[in-house]
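Shown next, in structure tokens, is the structure this report addresses.
Order as written gives the chain letters A, B, C and D; numbering starts at 1 within each chain.
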Amino acid sequence: MIQFEHYLIVSALLFCIGLLGVLTRKNLLVLYMSLELMLNAANLALVAASRFHDNLNGQIMVFFIITVAAAEVSVGLALIVALFRRRQTTNVQDLSELKL
Amino acid sequence: MIETLFFITFALLTLICALLVVANPFSRNPVTSAMFLVLTIISMAGLFVLLNAFFLAAVQVVVYAGAVIVLFLFVIMLLDIEEEERRKLKQFSVYSGILVAGVVAVIAITAILSSGIGAYASASPVIQGNPAPLGKILFRDYLLPFEILSILLLVAMVGAILLSKKDLK
Amino acid sequence: MSVLTTIIMLPLIGALTLLFVPSRHKTVVRMIACSVTFLSMLLAALTFFEFNASDGAGYRNEQITPWVESLGIQYHVGVDGINIALMLMAAVVGYSATLVAKSITTRSKEFHVLLLIMIGGVLGAFASLDLFFFYFFHELALIPTFIMIGFWGRGENRNYITFKVTLYLSLGALIALVGLVMLYVKAGAGSFDIVEITKAVQANPISLADQNMIFPLLLFGFGILVSLWPFHTWAPMGYGAAPTATAMVHAGALKKFGLYGLIRIALPILPDAAAYWAHIIAWLCLGNLLYCGWVAMRQKNLNLVIGNSSVAHMGFVFLGISSLSLIGVTGAITVMVAHGFLAALTFGLTGYLADRGKSLELDQMGGILKSMPAIGSFLVLALMAGCGLPGFANFVGEAMVLFGSWSSFSMITIFGVWAGLVIGAVYMLRALRRALHGPLASNYEGVADASGIGAKAPYLILIVFLTLFGVFPRMLTDKISPAVESSLDLMKSTTSLTVAEKLNTDSADQTSEAPLAAESNSRGNLAESPQLESTQG
Amino acid sequence: MNAFLSWSILLAPITAAVLIGLFTKQNSKLSSKLSIGAIGFSFLMTLLLAAVNSGTPEIPVTSSVTWLEVGGLKVELGMIIDPLSMMMLLVVTGVGTAIHIFSLGYMKDDPSLGRYFGFLSLFTFSMLGIVLASNFFQMFIFWELVGVSSYLLIGFWFERKPAAAACQKAFIVNRLGDFGFLIGIILIWSITGSLDFGEISGAFTENPALLGASTAIAGLLIFCGVLGKSAQFPLHVWLPDAMEGPTPVSALIHAATMVAAGVYLLCRTLFLFELPTSWPEDFAWLNGVSSLHIVALIGAITSIMAALIATRQDDIKRILAYSTLSQLGYMVMAVGLGGAAAGMFHLTTHAFFKALLFLGAGSVIYAAHHEQDIWKLGGLRKKMPVTFWTFLIGTLALCGAPPFSGFYSKEEVLLAAYQSNVVLFVLAAITAVLTTFYMFRLVFVAFGGSAKSESADHAHESPSVMTTPLVFLAVLSVVGGWLGIGGYFGHFFDHGAVHHGHHENQTVVMFIGIGAIIFGFFPAFFMYHGAESDPLKKGLGGIGEFLKNRMLIDEAYQWFISRTHEALARLADWIDRWILAGFLVKGIQFTGEFTGRALRLAQTGNTQTYALLFGLGLAVALFVILL
């Protein structure tokens, strides 16, 4: 029988794969996709919690997260486009403005 | 029994596709990554169905696979991505990334297994993630966040348009 | 809603309103800023004069609005004799500073916004009876100070000075924060409310070891804010570099926050540690009184003389606090109020000269009294008040401090008298003679005097209050002393409990001395209690 | 009635001062009218008060309001009316009125006349406050106010550098005395728990040993205040310099009122000095010496020292200033020797004739276009007859020639000395000789002979607004001694040592006093009658220079202060600049910066490095929280 824990483990692994992407990939676009993966991991955990706790609130949360993610992606991608226009690159290693 | 089978299938599909999004041994083309992301999301929608979240499964496919990924592809096409493939990955950053992600994974899984969180789950869940009950909650209990969210979307839209204008001041 | 909330909120709302006024409408900005601070001052004055000391020592005009209940944070304001006078002083100084801020020409709207936030913060800090808001309002007032010094300050090395002031004050505030959080945890009341904590501590005092850990944190944290020796070097420089209005509000009102914290929080809640540390405070205050007086004697810049004298005056407050006697602590609070008016007045006047682009180096000054009679006479009054002339509120406070501290620290009192009467007179009169007397310096030819009631008003208001409380000191002291008395009573009752408790657990032979200790405590002279010292070793 | 009168006496001048300060400062005429009206009103009220209470001089009348009350510290603003304060009130308001009117003429060309009269009224208020004070704290308040108003008056011409220096010096030297005074007050309060003169003396009557070992110390601390205000050695240095102020101010402050305040305080607090003396253990070697002995000694030193210096001064006002010092020394010595009545008597008569002398000097200076050097005056006897004759009356009164008022009071002072201490009596007699000598030197050089400069040549008599006060004061100087003021005080200090029964002593003292005048007059006559330059200049040599330079006491102070406070100030400033602000603060700054530089290496600016570190932190946090 599939339990709550199993879903959570899948969610955790998905999150870590996303984290791995964020940490290793250099392309901003792929970085963004990895972020999406992490968000989805959270979604999965929430839906599972909603199911196993007999409570629809979790699903509502997911609903909100999807919306926020959409907004985030639109702004983020617009930023990437604007950045690319200026710097002709989407590689994070070329972006070191945070250095003092 | 069949449910278990489905779960294993979808879970494995999700994880493998996700892995291929971030670390495809054959191609580092963002387009490939985006395609695997679509697959990941669709298999997650399968998991959602298994969890009785039917409406969300539909939204997942429509919004993510349909809208978000298309947006990604547009941007990929818009930009020149030839250069990225030629760059070498730094060994150090790859290994350290794997290490950190692995450690987090191990800690999280250990914590989940040892916490006994399943005991808190209800024995025979009954809820159905249909639009009707979801809508009731959404428009009654969560009306204010919902409205605020709409403003957020508006702001994001304005922001995106402003940012993509040619002469950015 | 309590009238105090209105007093605090008026400047803050004014600041918010100013944000929506286009900065080109300078007159509107000035009008809004002046009217909110004026209303705030008016309300504070009404509250002050309505305050009836014979109603007992409790808090008036209280308002409690829960905020974060899980942590016990609530918006709790109220006044008793100790802070009502400080509220009045802060509101008056705030109004006067707003009037003086007219001379700011670059980015004047932003300056006024910051100034109003600062004034609101100061008022809030004095009114708050909740540790969280007490601290929050102080920070609210402190952060604009840094920005104002850095942006509108004067002098060549103002960046360095801004840096120094920011570091010092942030560090002081941080240390005090650690102390306050520890206090919150150790008091075990589960509430940030000062009244609640005091009650809880009375029933169940904090252990001596904990007290001795928290008290120095509060003492030095607050001490840095008040420029306790040897943490004073930021003050003269900072006031020299700060824009006039900022220096007025900070030196006048905001600086008193640390002292107020010591009196309001440290004394009643940590009585044993206070009694133990009183000696150290008394010796440190000599650093302020004598050392800073000497330093002031050597200064060649008028602002530095006044800045150092302002630091020196803080010595009287510390001496009064360390005496832990009714007269001394009442005197300390009187000095706080008086010095608030005085510091604002002096910095306002030197700012008047500096804002006209004139050097404050004493070598390049002279004869101002002849060419600028109004500003010159105000400055004479201010400097005279600064060396403790009767007729000004400073004299009353300083005399009370000296009378109150005699029985605890006779030797230090003698030095205090020396510093107040002689050293103070020497540096004040030297500055007065070089700046105001003699032939007119070429540097000051053609500088316009303050003419018309509008230009004189900010200084006149301060002088009026300074003399009002100097000639009729009972207007202040009759309000302050009952509150101080109840605070000290609280302290005594808490102390004897701890002492008795400690003696019961420590050893049998000391128990016989417990009543003696309680008796000597009830004399109000806690510092001399031998039991307290012996338990320290 | 008494309360109303005394309060109105006190409050009239301050009302005038406030009105002038706030409204009429620009209007000289109105200001002067206000000020003169106020002191005239006070004078009339004082006369009325005296008339009302003439039947009952025994009972001190007091009325008070509580000014400050915190715990054990209770300060009242009280009005004490007894013979002592009554006479002082008459002197202050009477002489004050004359001086106010004189100022009208002397200062009429000054553009800041309004300010001048404002200050004058403020001073009168403060002085009346001292006279009426019923407790130590009130006394101290007005003590300080007198200090500051004299500061303002001495520095009235502040744009002149010497005046600016003189007022500063006066204030600071006075503060030195006040330092002891305040500590004395605190000490007495801490033991007796009261500040009120009546209560404290009552407590002492019950228990003379109340102050224990600090009796003598307390007395001497209070005496410190006297040292400052009455300019006694070693705090006398401010008075000669204070002559930089306008001359009527010198008459008011440095002859009649402020400097007398010290003696008044001494008499007011006499109960403290009459206690059986005891010293703390560290001062056990002083046992047997009472604080009054020290008071008398200081008075005697001051009087002889000032008289010696006065013989070698050339400035007309400085001569009078040193003469004032010398006479104040007399009064203090008299009080110290138990002759409080004699001291107060001399104070009263001295107020008359010294004010007269100062105003006469002012008249001379006014006429001679601000020429103050006596060697540049001369020949004024013919040109200014009223001034000359009144000045002569003042001189004779000061010298103690019969039948002028000074004769009676000085005789009582000498008598007090004669009865208790021969050494001090000899000193006092020498002082009397010197007094006659330097005063007649002044008269001969300044008024006699021929004019020695152009400004003296063009001098003519002052207007009547100035001469009328001179005549008024001259009359007082003549008749002051006959009014029975001495007996009046003797009655009040009935426990004083002076009794008029000792006729034998009295006769001896009288002859010695008259002899002293003769011994002083003839040398002055032979040396200075018609002299064009000072014959003593060569004769005295080094000693003359020493006296001329005021016995180098100012230089000694300079040296001492620069060695102590200046050095300490220098040291503190150095520490502040280099150790606290320099080494410590900069050191902390350096450490912080160094650490910052080291940590900066971790800042690659690469987002992913930050993300990696963030992930690592996350892992640690999760580990801590979850496992």
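Simple rule for what comes next: contacts are C-beta pairs under 8 Å (C-beta built on N, C-alpha and C of every residue); 3 or more make two chains touch, one makes a residue touch a chain.
These numbers come from a predicted model, not from an experiment.
Visitor: Out of A-D and C-D, which chain pair has the most contact pairs?
Guide: C-D
Visitor: With chain centres taken as the means of their Cα atoms, state the distance from chain A to chain C in Å.
Guide: Inter-chain centre distance comes to 52 Å.
Visitor: So, what's the distance in Å between the C-alpha centres of chain D and chain A?
Guide: Taking the average C-alpha coordinate of chain A and of chain D, the gap between them is 88 Å.
Visitor: Centre to centre, by mean C-alpha position, how many angstrom separate chain C and chain D?
Guide: So the centre of chain C lies 37 Å away from the centre of chain D.
Visitor: In whole angstrom, how far does the Cα centroid of chain A sit from the Cα centroid of chain B?
Guide: That pair's centroid distance is 6 Å.
Visitor: Two-or-more-chain contact residues of chain B, please, as numbers and ranges.
Guide: 93, 96-97, 100-101, 104, 108
Visitor: What are the residues of chain C that contact at least two other chains?
Guide: In chain C, no residue touches two or more other chains.
Visitor: Enumerate the residues of chain A that touch no fewer than two other chains.
Guide: Within chain A, the residues that touch at least two other chains are 19, 23-24, 26, 93.
Visitor: Among the chains present, which pairs are found to touch?
Guide: According to the stated criterion, the contacting chain pairs are A-B, A-D, B-D, C-D.
Visitor: Of all residues in chain B, which touch chain A in the complex?
Guide: By the definition above, chain B touches chain A via 3-4, 7, 11, 14-15, 18-19, 21-23, 28, 30, 33-34, 37, 40-41, 44, 47-48, 50-53, 55-56, 59-60, 63-64, 67-68, 71-72, 75-76, 78-81, 83-84, 87, 89, 93-94, 96-98, 100-102, 104-105, 108-109, 112-113, 117-118, 120-122, 125-127, 129, 133-134, 137-138, 141-142, 145, 149, 152-153, 155-157, 159-161, 163-164, 166, 168.
Visitor: Can you check the complex and tell me which residues of chain D touch chain B?
Guide: Where chain D meets chain B, its residues are 608, 612, 615-616, 618-619, 622-623, 626-627.
Visitor: Please name which positions on chain B make contact with chain D in the complex.
Guide: 93, 96-97, 100-101, 103-104, 107-108, 110-111, 114-115
Visitor: Across the complex, what residues on chain D touch chain C?
Guide: Residues in contact with chain C: 66-73, 137, 140-142, 144-145, 148, 155, 158-159, 161, 163-165, 168, 171-172, 175-176, 178-179, 182-183, 186-187, 189-190, 565-566, 568-573, 575-576, 580-581, 585, 589.
Visitor: Can you name the residues of chain D that touch chain A in the complex?
Guide: The touching residues are 600, 603-608, 610-612, 615.
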